[in-house]
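What follows is a pair of complexes built around chain A, which joins chain B in one and chain C in the other.
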Partner chain A sequence: MSGEAILIAMMPEHLLLAGIVFLIVLEIAGSTRGSQLLSVAVVAAAAAIAAMLHLQGYSAAPFAGQFSVGPGPFLAKAVVLALAVPVLLMARDDFADDGPFYPLLLSSLYGFCLMMSADSFLTLFLGLEIMSVPVYVMVLLAFRRPESVEAALKYLVLGGTATALFLMGISLFYGGKGTLALSAFTSALSSTDPMATTAVVLVLVAFFLKAAIVPFHAWAPDAYEGASIPVTAFMATVVKAGVVLAALRLFGTAPVSPLTIDLLAILPLVSIVWGNLTAMRQTSFRRMIAYSSIAHAGYLFYAFLGAGPGRFQAVVFYLIAYALMNLLAFASIPSGKDDTARDNLDSMKGLFHRSPYAALMIGMAMLSLAGIPPFPGFVAKFLIFKNVMAAGFTLYAVLGLVGSYLGIYFYLRVIQFMFMTPAAQPAAAAERESGHLALSAGAICLVGTVLVAVFPGWVMSLL
Partner chain B sequence: MDKLQFLVFVSVALFALGLLGVIVRRNLLVMLMCMELMLNGVNLSLVSFAQQTGTASGAVLVFLIFVVAAAEIAVAIPIVLLLVRRKRTLETDAYSDLKG
Partner chain C sequence: MDDASLLNVVLYLPVAGMALLLAVPAGQDGRVRWLTFWVMVVQLALTAVLYAHFNPAVPGLQFETRVPWIPDWGVHYQIGLDGYNVLLVLLTAFLGPLVVAGAFTAITKDVKLFYSMVLLIQFAMLGTFVAQDLFVFYIFWETMLIPMFLLIGIWGGERRIYATIKFFLYTAFGSILMLAAVIYLVYSLQTTTGVTSFAFADLYESRLPLSTQIVLLAAFGLSFAIKVPMVPLHTWLPDAHVEAPTAGSVILAGVLLKMGTYGFMKLGFPLFPDATHYFTPAIMTLSVISIVYGACLALVQNDIKKIIAYSSISHLGYVMLGLISLDLIGIQGAIVQMVSHGLTAAGLFLMVGMIYERCHTRELSAYGGLAKLLPVYSVFFMILTLASIGLPTTSGFTGEFLVLLGSFTASWPLHVQGNSYPLAMSALAVTGVVLGALYMLRFAQSFLFGVSKAPHLPLSDLDLREKLILVAIVVAVFALGLFPDEPLQKTELAAKQYQQIVRTARMPGSAQ
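Presenting the complex of A and B:
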């Protein structure tokens, strides 16, 4: 393959890599001023180039059998890289310009891009690990709080176990098929050979572990609570999107087989119900978001039940709506000195009277995450459940909808705290207005939300 | 029992032993060792399958697993050090500030 194809097809990756190297050089030189803006520029440029190549319909296979690009992968990369921009913007309070946060985040994104273009389990595995390992360290970076070390440990042990399960699945698949190509995986899906079946189950369980589906969710609430706010936002949006999109790449447009129906319908259903029920009794905002994200992972895997061709659109649209809402909420939380107090749901009481803008933003995010009609969360959920119904799983769709109504309670509870309850204690004094970078992160998410809410058809036609 | 079957059996046994260890053992270092054991079980099966199918990709994956396992441990050891410095114990039961 010619060098030119490698240069163009891997442009987003090359940009990220150059950014990582440059940031490390800055770190070594001891002048890290501007590293936040640099990483924002790099990620935004990579997203823009991916979007441009997607619109041109560029496709190539720079490393045949391992790495290929096409409109689909470029779209996934553009969406997720664009979602990482608000995360980087809101990192100012917690990380300022110093520290290894920015190179770590960029390498995690690099791993994501690699995964989206993977054609063999070799590349997919490498991408998954390059995406996950920096996140373990990013959780640890909030080490001023004692819990963060514990959170990082739990995340690492369960993440490592997921990796091992994934690899065992790959190995059995390789033993059965004699190849590591992803295209052969779809034939293993419907195979009755015990080795292939075990491989499929192990790979699926590994994805469930990484996406925090019940009963493999134990790490998520702790990791989300122990990490600092930008890292929690990153895990809830980019990492989750990465795992689900990778699973989507693996399954392609293959119809679900009887074996996978059981796994893909029952476990996500359980995690919708369990995530929503447990979120009700949380006192920490991040823990609540963690349980809500467990439920949302359930909806996302539900989409796999739908017919093959509509799957990609439904999943990507859902990811956009869900991630924008989460980022909007995280970017609007007023910054304060004490990270633990900032996280407590009680500190949100009476927020509307102190900073109406933040309260309105968080309120909108909560309504959309709950799936109340005018907001994008509703359209996204509608699309998924419509596909599931069309594929003939009416019972599962109804049960999933009932489960999703359980979630409305705790989303509305946040709104009740913000708008109808007076502030409990004078702790609000330590609160200060968010910096202009966090505000701009919120503004970007707001613009995106309005676009998705007002023109859902236009956004879908782009997908 | 032919050689391949035996090797795959050993590798699955290693993997299961590691998985069991991660789940039941409460000592941090033993848990990390069990994670490595799982990966080594995978390596053994990959090498045997590569030998059987006569393709190289499985053997290549083994080297990538080595690298990733090393990176994971390089992240894990500082975490363990930080925890031990704080709690003075390797038992995971002491690490329960978060509810799990």
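Presenting the complex of A and C:
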């Protein structure tokens, strides 16, 4: 354990930490100009990404058995930090001078980075909590509606339950195996020892809870609806990515055992079907996206059925495509004073005639989320289902595809509202154009989308 | 410019056109219209060059581009012209300017979006025809849905939202099963031959057991049969046609429906020849049912768009019959019938659009005696009606005659041969010709002749723009009817290749 390795290997974490400290100092010093805070947060995230790009190919284990870096962790961190940048940019409209928002978001990212490098359950647990706890507060920060309190509380209680399950799981695991090393987890996957089996199930259920897989999904619609748009975007993209990637770190490239097949195929399949069916009935855009994200969590866990070596690529590619689309949609929603009216799907009626570009962007995002070519969501879905089928789970692949068909309708309904239905008058009056920063967040996502759509092969070669 | 890049230019011209449209300032609708029109005209001119340089004696692809796209999966961006698609590409390019010009006065709402969508669908349709890699094909195939969804949903009639969502969900259901089949097919190819490829040429070589072929052909076939559409999967078509704006109907009838039959010819049957033999009686029966049932339904409609919509189902039944007959004449007839139907149905829908702009109703009973009120209109209408019936010297005759000839003389596979079933089916198909004459003449009779009535008098006859559109179509109809030799030469090699691939059962003993 050399000081130099700690400095270099943890560079992204250090930079994020520096950003957090600097933001807190600014807050204490009384400088709460939103643009300043925002710039510090963006610079910290960008510097962390730049550091990782510079460190490509570097691998080290500064804290042996607890924390290690290599190309995989760096890549995962860089991708998710890059996805957080548009979230920061679009937050400017909602959290104009809300000081605490930015350090909280960076802390959550810090926790995520820790998770990606975790070698033991201890570090993984720390990271998971550091990532989750700030989000509870961020949900509450949109203190414009009473629903936010309810949402934050629900999220907190259910998140706490997940924590408890996770702790219980790793305690049992430690009791059975006498180690907390993640590498020992894969051996427990195929074990028949009831203690190890229980541990695996509890840990997996904790992840399912955090990722909102049916039947552990009930918190998501309320939390997504209660939070403000940037926070919902953060939960739907960065947090979801964090949970799935952490699960992936746990499973590594180990083949799925009979026990986990049942959990990894059936519950995600139910999520896909249930999420897509329930999304059809929603009247709130964020609630609809919540159900959509429940279905998408299903596809992501489906990827675990594929053969080990291709799993990372499939999951990360899917996350990129999925997150870009969500962020594009959220960044394009015209802002308005009345958050509830803005969230109502009815307010999208006739949007094309008020803000054509916003409507086109949201429409594109919806089609991509539905998995319609030529948008990136299609290639991402193709990659996952190809791997699942190649691993021999033909029936599950077909059922999953049919489940994804169920989702097409509600995405189309949004397009129908924006392009084909005349506007309801009051909604149009309260609306105003998105700020420049939200627009630039949308532009970043659009460029990313086009890149992934036109050069999917190139993107895959990076993963 | 070398040959291969010319095809790329033709393909991407509509995309460039969309970018140009973005640059047109808001409010200049006229400029948007003319810009789109000229993009389409240039595209047609370049396609005509491609057609003229297409060498019928060369087997395989011409003007081919093949570049690795997703190397991990063996996906190539591969496009090219061959005998299968050359006529359909020409048809698509030919209808492009007519669709645009036909919508000049009809579309006044969201003009820029409208023409962007027309360009987008043109791009997607051409891409579907020229794609030679299954992955690329699938992407273009699905992309077609999006502009059509908007065309019907934004500029359609009263029940447009119901119709467009029905259209989308119907076709997407077929596509999702096809997607599963595509993945399975490529994966099987990989495990049996070690080659990971989506190229049509490689996929033709896959040797799957009959049971797998049956499942995969069912999945591909469902998707294609919905598009054709074959009875009983046709119920989306009348709704879509009735609610779509004229341009949408023209694109739908003119090109989109051929996607289904083209898919069967290029992919469905050649990829799974053993399963095709297995399914031959079923497909033949469904084709004949489509011919007769479509014609019967057309006979009793009062909505003039529905008459043409159901007649499309009937006419595409001939195409399917010709394709499944595996007789060289029948296959050639099917190809001509595709083009012919594209011309006549597009022309008829354009003419319906013209009268609708004047009278704002599609009810047949509201019309009568138009021959006196609109003499020029009526002449064109009569010509297209006769072409649709299949009067000799028009394209409809060439297509239907060759298909029926092929169907009678075909050597059907053993398990359908030997009894009189194919003969009975072919004879039934002939009744479709009679029924076709019946419903079209009934239509023309109560439309053009009898007591003069029209909802909005006085009517102005066709203007120059409308006349030019119709002249172009009528010329093409007669050209294909009088000189079918030249186009048939271009497709002959492909027809032979198709016949050979499908006829040769690969798994010994599996065909019978």
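Just so it is clear, the second predicted complex is superposed on the first by the 440 of 463 C-alpha atoms of A that agree within 3 Å, B and C clash if a C-alpha of one lies under 4 Å from a C-alpha of the other, contacts with A are read in each partner's own complex, and residues count from 1 in each chain.
Here is the rule we go by: contacts are C-beta pairs under 8 Å (C-beta built on N, C-alpha and C of every residue); 3 or more make two chains touch, one makes a residue touch a chain.
Keep in mind the model is a prediction, meaning the values are calculated, not measured.
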{"item": "Which of chain B and chain C A:294 touches, first, second, both or neither", "value": "neither"}
{"item": "First, second, both or neither for A:75, with chain B first and chain C second", "value": "neither"}
{"item": "Chain B versus chain C as contact partner of A:457, first or second or both or neither", "value": "second"}
{"item": "Touching partner for A:23 - first (chain B), second (chain C), both, neither", "value": "neither"}
{"item": "Contacts of A:265 with chain B and chain C, given as first, second, both or neither", "value": "neither"}
{"item": "Contacts of A:179 with chain B and chain C, given as first, second, both or neither", "value": "first"}
{"item": "Contacts of A:319 with chain B and chain C, given as first, second, both or neither", "value": "neither"}
{"item": "Partner chain in contact with A:125 - chain B first, chain C second, else both or neither", "value": "first"}
{"item": "Partner chain(s) touched by A:196 [first = chain B, second = chain C, both, neither]", "value": "neither"}
{"item": "Residues of chain A contacting chain B in one complex and chain C in the other", "value": "none"}
{"item": "Residues of chain A that touch chain C when the two form their complex", "value": "352-353, 356, 367, 372-374, 378-379, 382, 385-386, 389-390, 394, 397-398, 401-402, 404-405, 408-409, 412, 415-416, 419-421, 456-457, 460-461"}
{"item": "Chain B-touching residues of chain A, taken from the complex the two chains share", "value": "120-122, 125-126, 129, 133, 136-137, 140, 143, 146-147, 149-154, 156-157, 160-161, 163-165, 167-168, 170-172, 174-175, 178-180, 218, 221-222, 225-226"}
{"item": "For the chain B and chain A complex, residues of the former touching the latter", "value": "8, 11, 15, 18-19, 22, 28, 31-32, 35, 38-39, 41-42, 45-46, 48-50, 52-53, 55, 57-58, 60-61, 64-65, 68, 71-72, 75-76, 78-80, 82-83, 86, 95, 97-100"}
{"item": "Contacting residues of chain C [partner chain A, same complex]", "value": "68-73, 75, 110, 113, 138-140, 142-143, 145-146, 149-150, 153-154, 160-161, 164-165, 168-169, 172-173, 176-177, 179-180, 183-184, 186-187, 190"}
